[in-house]
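Across the two complexes that follow, chain A remains constant while its partner is chain B and subsequently chain C.
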Partner chain A sequence: MMDWHIIVDSLPQYVDGLWLTVQLTVLSLLAGLVLAIPFAVARISANPLLAKPVWVFTYFFRGTPMLIQLLLIYYGLGQFEWIQQQWQDGSRFWLVFREPYGCALVTFALNTCAYTTEILAGALRATPHGEIEAAQACGMSRATMLRRILIPGALRRALPAYSNEAIFMLHGTAIASTITLVDLTGVARNVYSQHFAPFEAFLFAGFIYLLLTFGLVGLFRLAERRWLAHLQPRKAVKDAA
Partner chain B sequence: MIRRIVLMAALAALSQSALAKDWTKIRFATEGAYPPFNMTAPDGSVQGFDVDIANALCQQMQAECTWVKQEWDGMIPALMGRKFDAIAASMSITEDRKKKVDFSDKYYATPLGLVAPAGSALRPELTSLKGKRIGVQRGTVADNFATRFWANDGIELVRYAKQEEVYLDLAAGRLDATWVDALEAEGGFLTKPAGKDYAFAGQTIFGRNAEEKAVIGEGVGIAVRKKDTELKAKINKALAEIRANGTYDTLRKKYFAQDIYGE
Partner chain C sequence: MLHGYTGSLLDGAWLTFQVAVCSLALALALGLAGASAKLSKLRLLRAPAVAYTTVVRGIPDLVMMLLVFYGGQMLINAATDALEWDYVEVNPFTAGVATLGFIFGAYFTETFRGAFLAVPAGQLEAGAAYGMSRWQVFRRILFPQMLRHALPGLGNNWQVMQKSTALVSIIGLSDITWLADQAGRSTHQPFLFYAVVCAFYLAMTALSALVFNALERRYSVGVRRAAA
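Coming up: the complex of A and B.
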């Protein structure tokens, strides 16, 4: 009943799709994380001029489905004549939004940035008072304290929650296929419509996603072992000695 | 007790096969995003040439027809999965599809055409399209054609789930042209305000050689499951009748000025 020749024949397409999925996931996670660090600091700031805009941003991106955000940015922006004019004039900035790749990266990065900002802001708020007092006692300035104590501590504490976000992001990139990108899901949809074989096409794509997920989980486990070593269960006395 | 269960099961099986065979109720599927052949009205119902023809067939067969909306790329798997009984969605009769489903006789035939900004020098030929971005709807005859004859030779093929999305991106300047069913482009885009600056670039084609003709197929038919030969025969009979009694032409004139049946 199952026709695996279809998969064997379209294997090169799946490899290309896998590569695109990996790119989209890794690049959007990196960009999102880098942006999220200053955003998180602003989010917990006592100054409402810093905190409120970030709150609005995370509220919007966490409050609407990523698919809607992607369609808005890809099909929505493309409708404005002013933006079409920018494309014709070759404006570097706006040309990013002409390419589906650019639209997907921007959407995914902003979306994951919103979630990561909230994760980091929570971790920052959870900084133990003792650490802050000790830093003050050493005479650290606010900036030094942020750089040496608050942010590194928050990044460590955020790791378990962030690993979930990374996995959500990997799975979220599947919607890139709705704007013509041929990622893993896009390949599966092409194979499906060419051979009318939904089961084989999507099952194989699902299997690759599963492997990617296991890979991510493994990476985060290594990271936790390294940076959250102080939270690991204590090892047997024999090892310690 | 056991006898009763067996009897009931036998009765159920009997009534089911009786139901399946008389075809007084037929579930039709269409896409609803391929104007003027099939489109979705503001109230969510489907309309268009495909829908009108199928409804006329149902009337002729004295069957009660209901409509299901189904995404194009899942159309044939859903038919085989018994989500509905027949597809009236401008589906061309091609060799690839005939491996999975059966088709009625054609109810219209349509060439493929290249739609580009008016005055474009593009032609639907390999040399002319090199390095261009051409939009197609995934899984259509146009897609099969472009995949087969163009995709490996430096033409960037961009596949969409819906033809309407291709037009959006063509108008937004993301594509150089779309390769599409010519009647669809005519009725769904070129004659609409959004398509006023666009035109066919070069000739529309039914297939310039045997190879191309094999991909484009012999026309558009109604697809049914392979085992439903009786339904197919009924549809063919009704189709011949509405062609003969003038219903077909009345419906065609609603959408198209010239004949679209082909020879």
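Coming up: the complex of A and C.
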């Protein structure tokens, strides 16, 4: 039923698409995670001037579809004359928002940053009281305590929830194909419209996404074995019961 | 304020809401069926359910939607040709609801499965000891307690699902996203119209959070909370 020639002929395109999907996923996850650490610290701060703006940021990005965020940035920003002026003046920063690649990266990074901020903030709040008291008893300043105790512990605790976020992000990058980028989904849409072969085009892309998902799950399992080793279930002694 | 597009956007908002609610109903039905199959003693039922949840949760929703929309049309064409029936067109509403329901059915399956397992076996044994039939145990003991454990997960799934409804605009359904796109193009004010769509989704997700909080309170009656 499947026409394998179509897939074999378009294999080079699929490889290019895969590379773009991997780039978008990895770069946005990295940028999102790096930004999310200070944001999460601000989110749990007792100072409302720090906590509230971060809350507004995460509320907006978690409450609206990523597709709309992407369209808002890619098509929406051009509405403002001031930004068009910046484009004409050749402003390095604003030119990023004229290219679909830059818009996709910025949107995905901000979106995953919002989710990761909430995950990390939850993990920070879950820090055992004893650890904080011990750090204070040792005379650590707040900055030292954050660096040595709170953030490393929170990153570990956040790992299982973060693995879900990473998989959502991998799947989320598929919408890059709606702003003319030719990622894995974009290739599948091109192959479909060239050959009118929906099963070959989309099933093959789906299969690659499935492999990528399994790969990510495997990586996170390794990471959990490394950083959450103390939480692994102990090997039961058979004759103990 | 919206250059005469207010009515059209409201129509789109209503359509998006319909897509969300219809997909939710389908996903809940598939989720309950999937969870029952996964917890079944019969391998014949378990294996397809495991394949369903693994494959569906490993593929982006957009790819799945394009597959169902274009592939479904081709399958139906082949079927109607073979049976010499008239041409049947897959409309984007059916394709959108079918895909969203099918995808989120897999997530609901996992939520329901975990919730069924969270009900202590002693509760079910106590029901049996009172002489209740299996159906009575299910209706009076297993289902209400399962729902309490499932509600937080269902709420999360539903939040993700509402936001996925924006994807139906890609297969040509004139939902709020598609209409905002059109309005933005003809007025040259895309930012304004996408911002309105954002406000609509924020309102919908905030409202459903309220509903789910009320439901969670209702189904947690009698649960003691440890003082923090």
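The definition used in the following text is that the second predicted complex is superposed on the first by the 234 of 241 C-alpha atoms of A that agree within 3 Å, B and C clash if a C-alpha of one lies under 4 Å from a C-alpha of the other, contacts with A are read in each partner's own complex, and residues count from 1 in each chain.
As a convention for this text, a contact is a pair of C-beta atoms (placed from the backbone, for glycine too) under 8 Å apart; a residue touches a chain by one contact, two chains touch by 3 or more.
Please read these numbers as outputs of a predicted model, since none were measured by experiment.
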{"item": "A:Trp19 touches, of chain B and chain C: first, second, both or neither?", "value": "neither"}
{"item": "Chain B versus chain C as contact partner of A:Gln88, first or second or both or neither", "value": "first"}
{"item": "A:Gln194 touches, of chain B and chain C: first, second, both or neither?", "value": "first"}
{"item": "In the superposition, chain B vs chain C on chain A residues touched", "value": "C"}
{"item": "Touching partner for A:Thr178 - first (chain B), second (chain C), both, neither", "value": "both"}
{"item": "First (chain B), second (chain C), both or neither touched by A:Arg98", "value": "first"}
{"item": "Partner chain(s) touched by A:Gly78 [first = chain B, second = chain C, both, neither]", "value": "both"}
{"item": "Touching partner for A:Thr64 - first (chain B), second (chain C), both, neither", "value": "second"}
{"item": "Which superposed partner A:Ala205 touches (first chain B, second chain C, both, neither)", "value": "second"}
{"item": "Shared chain A surface residues [contacts with chain B and with chain C]", "value": "75, 78-79, 178, 189, 192, 198"}
{"item": "Chain B residues touching chain A - in the complex, by the definition given at the top", "value": "72-74, 76-77, 80, 97, 100, 138-139, 143-144, 147, 158-161, 165, 168-169, 172-174"}
{"item": "Complex interface listing, chain A residues touching chain B", "value": "75, 78-79, 84, 87-88, 98, 100, 178, 180, 182, 186, 189-190, 192-194, 196-198"}
{"item": "Residue ranges of chain A touching chain C (in the complex, touch as defined)", "value": "59-60, 63-69, 71-72, 75-80, 170-175, 177-178, 185, 188-189, 192, 198-199, 202-203, 205-206, 209-210, 213-214"}
{"item": "Chain C residues touching chain A - in the complex, by the definition given at the top", "value": "55, 57-64, 66-67, 70-71, 73-74, 163-167, 169-170, 177, 181, 184, 188-192, 194-195, 197-198, 201-202, 205-206"}
